[in-house]
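Report on one structure; see the data block that follows.
Chain IDs A, B, C and D follow the sequence of writing; residue 1 opens each chain.
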Amino acid sequence: MKRIEDGKDYVESLRGRGLKVYLFGELIEEPVDHPLIRPSINALAETYELALREPDLATTYSPLIEDRVNRFLHIASSAEDLVNQNKMQRKLGQLTGTCFQRCVGMDALNALYSVTYEMDEKYDTKYHERLKVFIAEMQRCNYVVGGAMTDVKGDRSKAPQDQADPDLYMHIVDRDDEGIYVTGAKAHQTGCVNSHWMVVMPTMRVDPGGVDYAVSGAVPVDAPGIIYIYGRQSCDLRVLEGGTPDVGNLNFAGQEALVIFDKVFIPWNLVFMDGEYDFASMLVERFTAYHRRSYVCKSGVGDVLIGAAATIADYNGVERASHIRDKLVEMTHLNETIYSTGICSSYQAYPTRSGCYMNDEMLANVCKHHVTKYPYELGRIAQDLAGGIVVTLPSGRDLDNPETGDLLRKYLKGREEVDTEDRMKILRLIENMTLGRNAVGYLTESLHGAGSPQAQRIQISRTMQIEYKKGLAKKLAGVKEEVDSKQEALEFMGRVFRTNPYEGN
Amino acid sequence: MKRIEDGKDYVESLRGRGLKVYLFGELIEEPVDHPLIRPSINALAETYELALREPDLATTYSPLIEDRVNRFLHIASSAEDLVNQNKMQRKLGQLTGTCFQRCVGMDALNALYSVTYEMDEKYDTKYHERLKVFIAEMQRCNYVVGGAMTDVKGDRSKAPQDQADPDLYMHIVDRDDEGIYVTGAKAHQTGCVNSHWMVVMPTMRVDPGGVDYAVSGAVPVDAPGIIYIYGRQSCDLRVLEGGTPDVGNLNFAGQEALVIFDKVFIPWNLVFMDGEYDFASMLVERFTAYHRRSYVCKSGVGDVLIGAAATIADYNGVERASHIRDKLVEMTHLNETIYSTGICSSYQAYPTRSGCYMNDEMLANVCKHHVTKYPYELGRIAQDLAGGIVVTLPSGRDLDNPETGDLLRKYLKGREEVDTEDRMKILRLIENMTLGRNAVGYLTESLHGAGSPQAQRIQISRTMQIEYKKGLAKKLAGVKEEVDSKQEALEFMGRVFRTNPYEGN
Amino acid sequence: MKRIEDGKDYVESLRGRGLKVYLFGELIEEPVDHPLIRPSINALAETYELALREPDLATTYSPLIEDRVNRFLHIASSAEDLVNQNKMQRKLGQLTGTCFQRCVGMDALNALYSVTYEMDEKYDTKYHERLKVFIAEMQRCNYVVGGAMTDVKGDRSKAPQDQADPDLYMHIVDRDDEGIYVTGAKAHQTGCVNSHWMVVMPTMRVDPGGVDYAVSGAVPVDAPGIIYIYGRQSCDLRVLEGGTPDVGNLNFAGQEALVIFDKVFIPWNLVFMDGEYDFASMLVERFTAYHRRSYVCKSGVGDVLIGAAATIADYNGVERASHIRDKLVEMTHLNETIYSTGICSSYQAYPTRSGCYMNDEMLANVCKHHVTKYPYELGRIAQDLAGGIVVTLPSGRDLDNPETGDLLRKYLKGREEVDTEDRMKILRLIENMTLGRNAVGYLTESLHGAGSPQAQRIQISRTMQIEYKKGLAKKLAGVKEEVDSKQEALEFMGRVFRTNPYEGN
Amino acid sequence: MKRIEDGKDYVESLRGRGLKVYLFGELIEEPVDHPLIRPSINALAETYELALREPDLATTYSPLIEDRVNRFLHIASSAEDLVNQNKMQRKLGQLTGTCFQRCVGMDALNALYSVTYEMDEKYDTKYHERLKVFIAEMQRCNYVVGGAMTDVKGDRSKAPQDQADPDLYMHIVDRDDEGIYVTGAKAHQTGCVNSHWMVVMPTMRVDPGGVDYAVSGAVPVDAPGIIYIYGRQSCDLRVLEGGTPDVGNLNFAGQEALVIFDKVFIPWNLVFMDGEYDFASMLVERFTAYHRRSYVCKSGVGDVLIGAAATIADYNGVERASHIRDKLVEMTHLNETIYSTGICSSYQAYPTRSGCYMNDEMLANVCKHHVTKYPYELGRIAQDLAGGIVVTLPSGRDLDNPETGDLLRKYLKGREEVDTEDRMKILRLIENMTLGRNAVGYLTESLHGAGSPQAQRIQISRTMQIEYKKGLAKKLAGVKEEVDSKQEALEFMGRVFRTNPYEGN
């Protein structure tokens, strides 16, 4: 297939693939042309356009194909690569105001890169080479790769193999000479319908009793046996109203769907894990370490919301009031905290044995944990500045009715110089981001994507080097106990005190 | 007209009134039968039903008609009356999970009761008697009275009379022998279409240059010259989908509309303020003091959300996990803080000169200020417990399609014993309350209703008796400055240290 | 002994008792005259003085002796009694800026009153009558009674009887015809040296294996076998510097000591529990329910801190700056939340079978849980307003040195009109309350007294009626499951929806 | 003078200088030997020792003297230099648990480096060369340089020249051929008595009416006319008790003093600003940008406190309890946020025209703003884990008294395996850091050092590029207004989207 060069190519590449996508109880003829789906495609297309407009930010050189590639398909070979992923993510958040859906794949490929390397070291398998071939192909074609991790999970108190229904976690149901067959369902898969390929991975640690749940591999999104049931979003129907400003964000939206696999075949050359259960948790942890810091994108979305809040305050004539100004400062303070903690995680990266760089896990969790809270607070403040009208605004169609249109223009006016319809548009954008379609991505996905809050707390607990810190306290207090001084040089503190960050440990 | 006895009577009383209500650009034939409007009528009808089921809680004896009346129409003659309003509000929040729309009128009538009394004392007017006649009539008929205060405000940095368009605050445009004529618009009017009468009031202090903005009076909701433009809500279209569980809260919703008055006539016997600009701020402050504590209703809605969060945790099999339990505790802690501060405000009431009791202003503001934050945090935690599926759940119609229905039932199952559709219903209820239709009332209305956060901070600033507190500190530190000891006995601290709360100052 | 009438009587009553009190490694001759101890006596003396100055607030009629008694010795016979305890507590917090040490006994006697009644019902014991005789005697003499609950606890992961040393929880080590003998230690006992009697109680639930740990009884503070090791406080030595303003709060401080019991004898007529292990947790829970709401006193201390913060802002010339004003509002908002939640707990009281009223447990825990956080935030804001000088101020003695005194007066001046020494005094008061001697009571005791934060969360978890709330959600979402409607009428929700609060359930 | 090589040299270099230091109303003979002052000298000495032990972390190559220098004396020539300052600061916070006092000078020299360069460009002055000579001398001798900025300020509502007393801000009172003479006072000067030189700077913007307040220059700390009045600290007297564990942090403490200048002479070759009032605010802003991010040191101190909290939980037998573990996670989360935001500010540095690198202002303010809150919350949680005993622990001297020592060892025991005295030491360390001597530095200095919270909010307000963000929102909402796209490339956003951080703009 020919390389996808720009957003237009990308959109065309999605047509005519015969994906089985269900929405509102019906099979969709052509997702690309569905008005409810299209905004999510537009958002993804921006990842192609940005690469053309700002190549430093959104492309880089890949030794795998000895050419520049879209940064979303690049294997990070330095801390700087990881930092620049974050910068690109923030920019795309600013440009789309929503989820642009291409990070999961990026983080999945990077995680698999080092994990397959270490699996091969231990088991003399060939996963790493297979993966490199696959990545190179993706880079050449400039494809969108989705990463499919989250199983539906059933009873959360039970292990995969102990569920009443074995399919509640994806597992291998058959193997033959050609490859493996997997069954299961991956929930709320970001941008799956807009992808070309999906990489499946286990969703959590696997114990020896569940080897068939330790599976990873790549499948084209239109592989036989896959169906998609589209997730509905708050206010999703507004886009069907035909161009009213009520849609809020005119062009962009996110996408999540339930993907069901019924004995889907994966040929051996695309299998990246087959029963190595002892590597499942490593894969999950590395993926989530990358992905938790990828939520820096939300600082870009936050920039939009801050801008919208400032605009509505301006339109209302109160932008300079001290308490308004102070609230914009608060929003900025929180938003930049997300950005900084993510950047610091990437900056403090270290090389894995495969050469691929891994960002700092502790700080990635600190970043994501803020992301589970701050966007909600930014949303609340934005609504505060917007006024109650953000949720009681009449329909855009009332503007078109001659009996009500002029009344609305008269009575919903803000500052004299401001066009009432512009004021309504900004209010709808704030509604969109705090209650509506993009609140799904900005709020709830911020909460749960890459792991819910408790997952970060567990990970922080594991990496916080508490014995080392106890040693510091005991020394200052004069407690005579042995302290293991080697602890410092490893793990998190080792990275903190490394003075040349780009050289690794 | 005959007295409304129950919810059914109430619904019937709304039919055939010829209100001019616009929604989605069209004039609605009969609001009562409109599927999008009906849930808000159902919620209000519960105020009638509760009065029958629990008369102690929702009715009381009124000396005005020497009979028991619905508590929403009662003039508070004791602190206990005010406390019991709050208890009724919490119960109705529990029963409907939304805004039941009858508090504004209750608080407006109570505020007017004492303010008209004091206006008459000063100006020898007859407002108080007129008001009593009006209230008695409302009690006899058991009507719903809306309170219309919030003007659309235009440029917030300018006074009413300094706006580019004089109509951006309601004002008297004409007077004759029969009465007055008012023009303007009242924004996001709770339950206005579901009311029988509306009482208009100024939205803020009026200075001498704006006497025609100091106006209050009662109008039937179908008075000539009034039109309603219905406010659209997040996810409002779901109710039109025909009975899917996607609606979340099956029967109840709130209602807010923009009400436009074009030279609407108010006869003198229903005029309660006509130019007494020096009483405008008193009326606003008393109304908001009542109304800010009326937000105790949100603790009832919060009970529903806590219950929903616990249910979904139970369905997921993790209700007993320590971090889940801890989050339910946190929700409860915040929710009961709203309740307690409201109750304490009511409990610490004092009699006005009219005999009507006024709750404590400081504590009402403390209560409402928590309400501008805590429901958002409860919402966030509820989404945390729900999991990401709360925003990616497929449409209810996908359950009906044979190709997808069984797959959803299989893959969206929680604990083995739980019906998948029940799990989906609870998820939809959480979505409804945190992003959807009732998030409008539970979140954004909590933020802005009865005054935005800054309004509470200003009011706390005014009533915090800072000189008295400085005196306490100076005394303990040995600073020799005169302290005004009389300060304590007045205002807030006077009420704090009153040992018999039911006797007043 | 003759009745203690006023503060002076009280101080005299403490002299010459031969208590064994150790401080800084030495046995103290006469605690009353020790400069480090005296401020704590002064604080307690205020409870006597207030009773004379404001008898409505600090005394009430007791049927036990058919006379008015100090409210600290009263058994609550109505919700109003409990509310008025809180009001008295706030006032005393305002007057002393510290812990006045008389609440523990009040709450202990009230808890024992109902628990002994119910023990007697079950076991046909005579505890309740004994207790009434004891209380009457305390009322007649107007004594200070300390409540001794907190054991030293050793290894917190083990039950009392499983500790390496059996004495780490107080227990009965011997019984004879005259009475019982107890050994153990009670930690950080508030005001113990300033009391006349102590009532010992178990510190937590006792299981059948630990019957000897289920013990309660009264002892005079100078009983043989008791020794006190005085707890040192932050900045405790300043009071020994001889009258410099560095002491901050000139006259008042708190007191806590470790009390060690070595086979201390309690005669049968003063034994209130002897092995009834199944009532230990009831006693602990009722005591803590009372005591957690007694922390309303901290809102009075908070008033002092708010006043000090406002004063220093005034002295610095910036009291009217919008961000300063806003911080005072924030302090007030938090402080009144403590007050309101406590009052609401008391208001929502119900009668126990003994006739003694019990405040609402849920709301008492909500109150105390705020107390574990808000004073710290008030302290932080007060330091913010004070400026860095609050921790870098030179010693008061530098004012007396001619070479430095005038320089300090010149350079530490605030607004021209303000005396520099007054400015220094207020700074020292803020230091005292946020880092110094009274920070012990205002901050750390607020955190741990009446139970650490986790204790409140456990108690909220127990009383939050989660099944009832699940029922609310299921009903609105259309889930068809049986809901136990009787649940509502009991426990917390029963009290919420009771319309006549003074009549009980 | 010979170069200071290690901590011992450093201590000796401070002897016999005849500084006029007052403490407790008396002139101190030799500060080096004063037990109350010595711990602050010990802390500073660690900056010398670390340079020997970990030269990569604490030294670097300086082109000014073509040799390695202590990093505290280095002019940053790359972003990496700034990042490594932060790493060194965290390490020293871990080693001392307090303020090591050498950052102010480092940040002052760096700020002056670029500001003098730009002054010279505009006014053709010679400040920059003078400064380079001075810095080279400091580097050669390895001196401690203090930065003296904070004036005493008097009435905060008035400008320097409008104060009742002109000396309330430092100003030039005379000039002659040799140099200038300055009078005024600098408040709470960190480590001034432990320094060799001080660099004075204006404390805020200066307007044309106040040219004599625009002054900067270097003076030896023992220059004629300077006197020091030592700031007393919470619990400062404990160190005089002779080696009891009550001191908490056995060896280290901070130091702040009031420094009074009475016509102190500065020769022309050490004058770095003389009336260039238009550069005063630039100097203040650059200094505070450096210094606000220098508070990363508090993450090192936080590591000690986290370690102490974990240790006491361990000693109490509850370290593995879920709520304890969760609190340690929370502490870590907050602590690493401080670290990350500071590092990100340094990482996002850019070169000034002088070649000296400047860290990002926005993120420095975000970092410092967290520092004004999080240490207080860490302190609160540490006290939570410590239990009430942290403020009621008897004096260490009670351990020595045979009548009480064994009782304390018996009753204050934690887990059986833990030595009671070790438990007491850790409790005292927590008291030291949250209420005692080092709470001054960890809490209050964190609040006010480098600017109080409002100062950060103002600076964030100035740099938040709100017009750029408005443009983002308008574009997505379809508002047709001109947006200034050049805005992005400048200031904060320019640095965010720069992909090669080490090359500057």
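By definition in this document, a residue touches a chain if its C-beta (ideal position, glycine included) is under 8 Å from a C-beta of that chain, and two chains touch if they have at least 3 such contacts.
Nothing here was measured: the structure is a model prediction, and the numbers come from that model.
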{"item": "Third chains touching both chain C and chain A", "value": "B, D"}
{"item": "Comparison of B-D and C-D (more C-beta pairs in contact)", "value": "C-D"}
{"item": "Identity of the chain that, by mean CA position, is farthest from chain C", "value": "A"}
{"item": "Centre-of-Cα separation between chain D and chain C, whole angstrom", "value": "39"}
{"item": "Centroid spacing, where centroids are CA-atom means, of chain B and chain D in whole angstrom", "value": "50"}
{"item": "Of all residues in chain A, the ones touching two or more other chains", "value": "323, 326, 457"}
{"item": "Chain B residues within the chain D interface of the complex", "value": "322-323, 326"}
{"item": "Chain C partner contacts - residues on chain B that touch it in the complex", "value": "56-57, 80, 83-84, 87, 90-91, 94-97, 245, 248-252, 303-308, 310-311, 314, 325-326, 328-329, 332-333, 336-337, 339-341, 343-345, 347-348, 362-363, 366-367, 369-370, 422, 425-426, 428-429, 457, 460-461, 464, 466, 468-474, 476-481, 496-497, 499-501"}
{"item": "Of chain C, residues touching chain D in the complex", "value": "22-27, 150, 152-158, 164-165, 167-168, 185, 187-188, 227, 229-235, 237-238, 246, 256-258, 260, 316-318, 323, 372-373, 376-377, 379-380, 383-384, 387-395, 397-401, 403-404, 407-408, 410-416, 431, 435-436, 439-440, 443-445, 447-449, 452-454, 457"}
